[in-house]
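Report on the structure given below.
Per-chain residue numbering starts at 1, and chain names A, B, C and D are given in the order in which the chains are listed.
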Amino acid sequence: MSMKPLHPMEPIEPGKLERLKRNYLVQAWLVLMLALFFGAALAGVHLELAPKIAANKTNETYVKIPEIILGSELAEELAQQGEALIVEPHTVAVEKEQRRIVYTIYEASYPDGKLAGWVAKSSGQGYADKIELLIGFTPSVDTLTGIFVLDQKETPGLGNKIITLDWRQQFSNLKTLQPIEVTKGGASDPNQVDAITGATISSRSVTGIVNNAVADLRGPLTAMANARGK
Amino acid sequence: MIWVTVSLAAATMVGMAVTMSYILGWANRAFHVDVDSRVEAVIDALPGANCGGCGYVGCSDYAEAVVAGKAPVSKCTVGGDSCAAALAGIMGVEVAQSWPYRPIVHCGAHYDDRLDRAEYHGEKKCSAANLVAGVQGCTYGCLGFGDCERACEFDAIHVIDGLATVDYEKCVGCGACAKACPRNIITMIPFKYERMLAVTCSNKDIGDEVKVVCKVGCIGCRACSRFCSLFHMEENLPAIDYDKYCGDFMEELSKAVQKCPRKGLVLMGKPSPRDQEAVSDKTLPRVIEADFKTTVDDTEWWG
Amino acid sequence: MLYFTDIILIALGAALVNNFVLYYFVGICPFIGVSRRIDMAIGMGFAVTFVISIAALLSWTITTFILMPGAPLSKFVAGWFMPPDAAAKVDLTILSYVVYIFAIASSVQFVEMYVRRFYPSLYRSFGVFLPLITTNCAILFACLIIFSHIVGVDNPADVWDLGKSLTLAVFGGVGFTIAITIMAGIREELELCDVPQSLRGAGITLLVAGILAMAFMGFTGVDSGLKKAMTPSPVQAQQSSRE
Amino acid sequence: MAVAPTPAERFIQGILPENPVYRQLLGLCPTLAVTNGLQAALTMAGAVAFVLFCANIVTSTIRHLLKPHLRIVIFTLIIATFVTITDRFLAAYMYGMSKLLGPYIPLIIVNCIIICRCEVCASRQSVFAAGADALGQATGFALALVSIAAVRELLGSGMLFSVQVLPESWPNWVIMILPPGAFMTLGLLVGAVNWFEQRRSEQAESERG
């Protein structure tokens, strides 16, 4: 068979291998290999570390619960005795203004099974950003035991004084039946707290979050306490 | 559980990479813009500093202009001659012989030549003084506060006796002084020779008005344009056609220089050996600050 | 109504109160680099706003349908190999950063090609900024904020939908545009000032940015105040219901 | 042609002559955002160092396989992976810090320092040189971060590493901890570094002349 002379201008038919090489997926083989490898590696890291991170997240709340419910002295005493409160998380859903709000509630009981109190996680708008609080109730839900600020970005030096123990202590032993009020300069009424100088809005925000949570949760928590008592 | 998560993660990544490369590959073909291959070659040859020194937005903009034939190949100051040669190679043109551009100060009035001066109490900057009327009689001439001197990175322009004077030994032709001058009396011209003839006045008013404000300013007598065809008058002021400027006109030019009643046509550029010899035994004048000092307290203008 | 309030608050927060550049410090590189002229600053601002919206759309979609625990697509695929309740726990959120940056990079490239093909004049005016945007932190930051409002939120009612995510993105971009345009305006005036030699360029720009940030601090609390004004105080509502 | 710098020289270059923050003005976002305290700044510097080092090493290892038009994609992929790993490690072992740094850890992905080093150095140099370069740049970045954080924390709260250093009577300059303080501190420090550099070059010139 005689071979047709190749015309100089005639394009040479690309071979199968050539065509394959020009495919952009083949060109990107390194990207694909790396993606495969890194994807697997990341999943490995995730499986290894995820439980630890989850534990960190819950611990952040759990370590504070004894202090909120019992106060720091009693909590320390308990810890010295090598005992700890048993904490059990619940969720409580409240219907309000066509919106369903879900609270995380921690039920804390003494090692002997006696109810020590309730802690609710609640958050709301502060002066600068979201404020996240833990609010402690007595077993009968008629009194607050204290609050703790989990997360805030208030102005340093002014609004961020809401994290100080001095200011937070005002909330312990307040009655839950009526809303807490913020005053400037000397709280006289039983249900009043002093505003931080120069940070009235931050103080009001915290109080507002507490009032909201109390209003929402007093009913459900009382019901839960009663159910437990029976 | 473990293996499902791991393989699902890997599969997600690979799936994403595949989707991405297919979409981008498709887009590359679907949205294909026919780019002249020369544009890409020019972009590669340019330094890629995107400095805007060429007067275009960036290197790619300039590259397009070059390929479109709208811009000369020698505009890139960063790349210099080698870059121009490379672009010329791509475009298949020869680099036109390019002359070094150097600034010319179109004012010849030293401090004592200016008339009708007033005390100026403001900030000692041309840009500020230019906003105030009546600092000196001439509204075209050099103000002498040295904005150009501050703009120069090469220490090549100084205010000497109230007039900005270029030191052509040091000047590299960056054009910073021309940009800095608020009165736009510094222009960049091609230096075809070591020394070029220049009109040292920018005053466009009629002769009588010029005489009131300046001892040396151009009165628009047209003598130069009568003797030399390189001159043409624009608004009472002669301008030299530097495109045609060459040695053939030397005779006409020297005649025009002689005939100028205000001695406003001056050769500018690097000093000739004869000049250097003539002043070799004298000490050069020191740089003198502009003397527009206020008689009142320096701080007063702050209010 | 409540949803509307949320949208307004997110928009206000992203554009002014918690301005991306002046409060969160993201997108500083173009803020310093491309703020020399007002027209360029506006071009950059629009380019960022556009890309940030596309990136938000993509990241919301990918996170909701593939990455988050119990997302429909991954649940469906995992369901072939494992029981449904285990499949619902498959968590691919670790891939989020990689996926986001890829979504951003490819959408930037896609937009660049598209604009170049169909709107050459637009490409001329702001196409040059597009490649710079890939490494702009503001875009990735918007994706991360959206991520934090989808995954790991305690309250299902607080999970952001597409509308809220897009609001954040668009108004984050608007905030960026505002900041960079103001900055460019100030810098054009600064050209006329006698700045100490060593502070010229980045130094003075950062100092001015500091003063600008101080001015924007004045917006702090505006959103919380507005929220109070727009939602009836629950305590009052409770009291009135008691009466 | 200039002699290519040795790894040791590369290391030293990164610390001051080519300091990523002060000289190249790269990676400003974390520089401003996390410098209100020394601890956060050091953690951030550590995270960046880890990512930079790993990314440089990996890039340098595969440098012969890179195709020009895909290289940026590959750099991004590598960097994003290492950043994710760093982020999770911090969340698992330094939870408080991870919460404090928040989104600024993932934002390392778009930190120009790293992609710049991959592009300029690691994709052309041997593994050893790339590693030295990464360490130098990371040290320079850490120095810049620590210097800014020290100024801000000291003036803003009178403390260093959360330990009271200035007397209690020091009126805390709260503004230093807030965003404006970050911009101003960095602006003034950049000015100061420029000033020193100018003075040094002037001195060198006068000695020569």
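The rule is short, and it goes like this: a residue touches a chain if its C-beta (ideal position, glycine included) is under 8 Å from a C-beta of that chain, and two chains touch if they have at least 3 such contacts.
These numbers were taken from a predicted model, which means no experiment stands behind them.
Undergrad: When I count C-beta pairs in contact, which pair ends up with more: A-B or B-C?
TA: Per the contact counts, B-C leads.
Undergrad: From the C-alpha centre of subunit A to that of subunit B, how far is it in Å?
TA: 63
Undergrad: At what distance in angstrom does the C-alpha mean of subunit C lie from that of subunit B?
TA: 43
Undergrad: Measuring centre to centre with CA averages, how many angstrom lie between subunit A and subunit C?
TA: One centre to the other, that is 23 Å.
Undergrad: Provide the list of subunit A residues touching at least two other chains, using ranges where the numbers run on.
TA: Each of 28, 31, 35, 38-39, 42-43, 45-46, 155 in subunit A touches at least two other chains.
Undergrad: At least two other chains touched by the same residue of subunit D: list those residues.
TA: Counting only residues that touch two or more other chains, subunit D contributes 73, 77, 81, 84, 88, 178.
Undergrad: Check each residue of subunit B and list the ones that touch at least two other chains.
TA: If we look for residues of subunit B contacting two or more partner chains, we find 5, 8-9, 11-13, 16-17.
Undergrad: Mind giving me all the chain pairs that touch?
TA: Chain pairs that touch: A-B, A-C, A-D, B-C, C-D.
Undergrad: What part of subunit C is in contact with subunit B in the complex they form?
TA: Touching subunit B: residues 66-67, 74, 77-78, 81-82, 86-87, 90-92, 94-95, 98-99, 102, 106, 109-110, 113-114, 116-118, 124, 128, 192, 194 of subunit C.
Undergrad: Which of the residues in subunit A end up touching subunit C in this complex?
TA: Interface residues on the subunit A side: 38-39, 42-43, 45-46, 50, 96-102, 104, 121, 125-129, 155, 179, 201, 205, 208, 211-212, 215.
Undergrad: With touch defined as at the start, can you tell me which subunit D residues reach subunit C in the complex?
TA: 25-26, 28-29, 32-33, 72-73, 76-77, 80-81, 83-84, 87-88, 103, 106-107, 109-112, 115, 175, 178-184, 186-188, 190-192, 194-195, 198
Undergrad: Under the stated contact criterion, what part of subunit C meets subunit D in this complex?
TA: Going through subunit C, the ones touching subunit D are 22-29, 32, 94-95, 97-98, 101-102, 105, 134-137, 139-141, 144-145, 148, 196-199, 202-207, 209-211, 213-214, 217.
Undergrad: Residue numbers of subunit B touching subunit C in their complex, please.
TA: The touching residues are 1, 4-5, 8-9, 11-13, 16-17, 20, 23-24, 27-28, 30-33, 57-58, 60-61, 125, 127.
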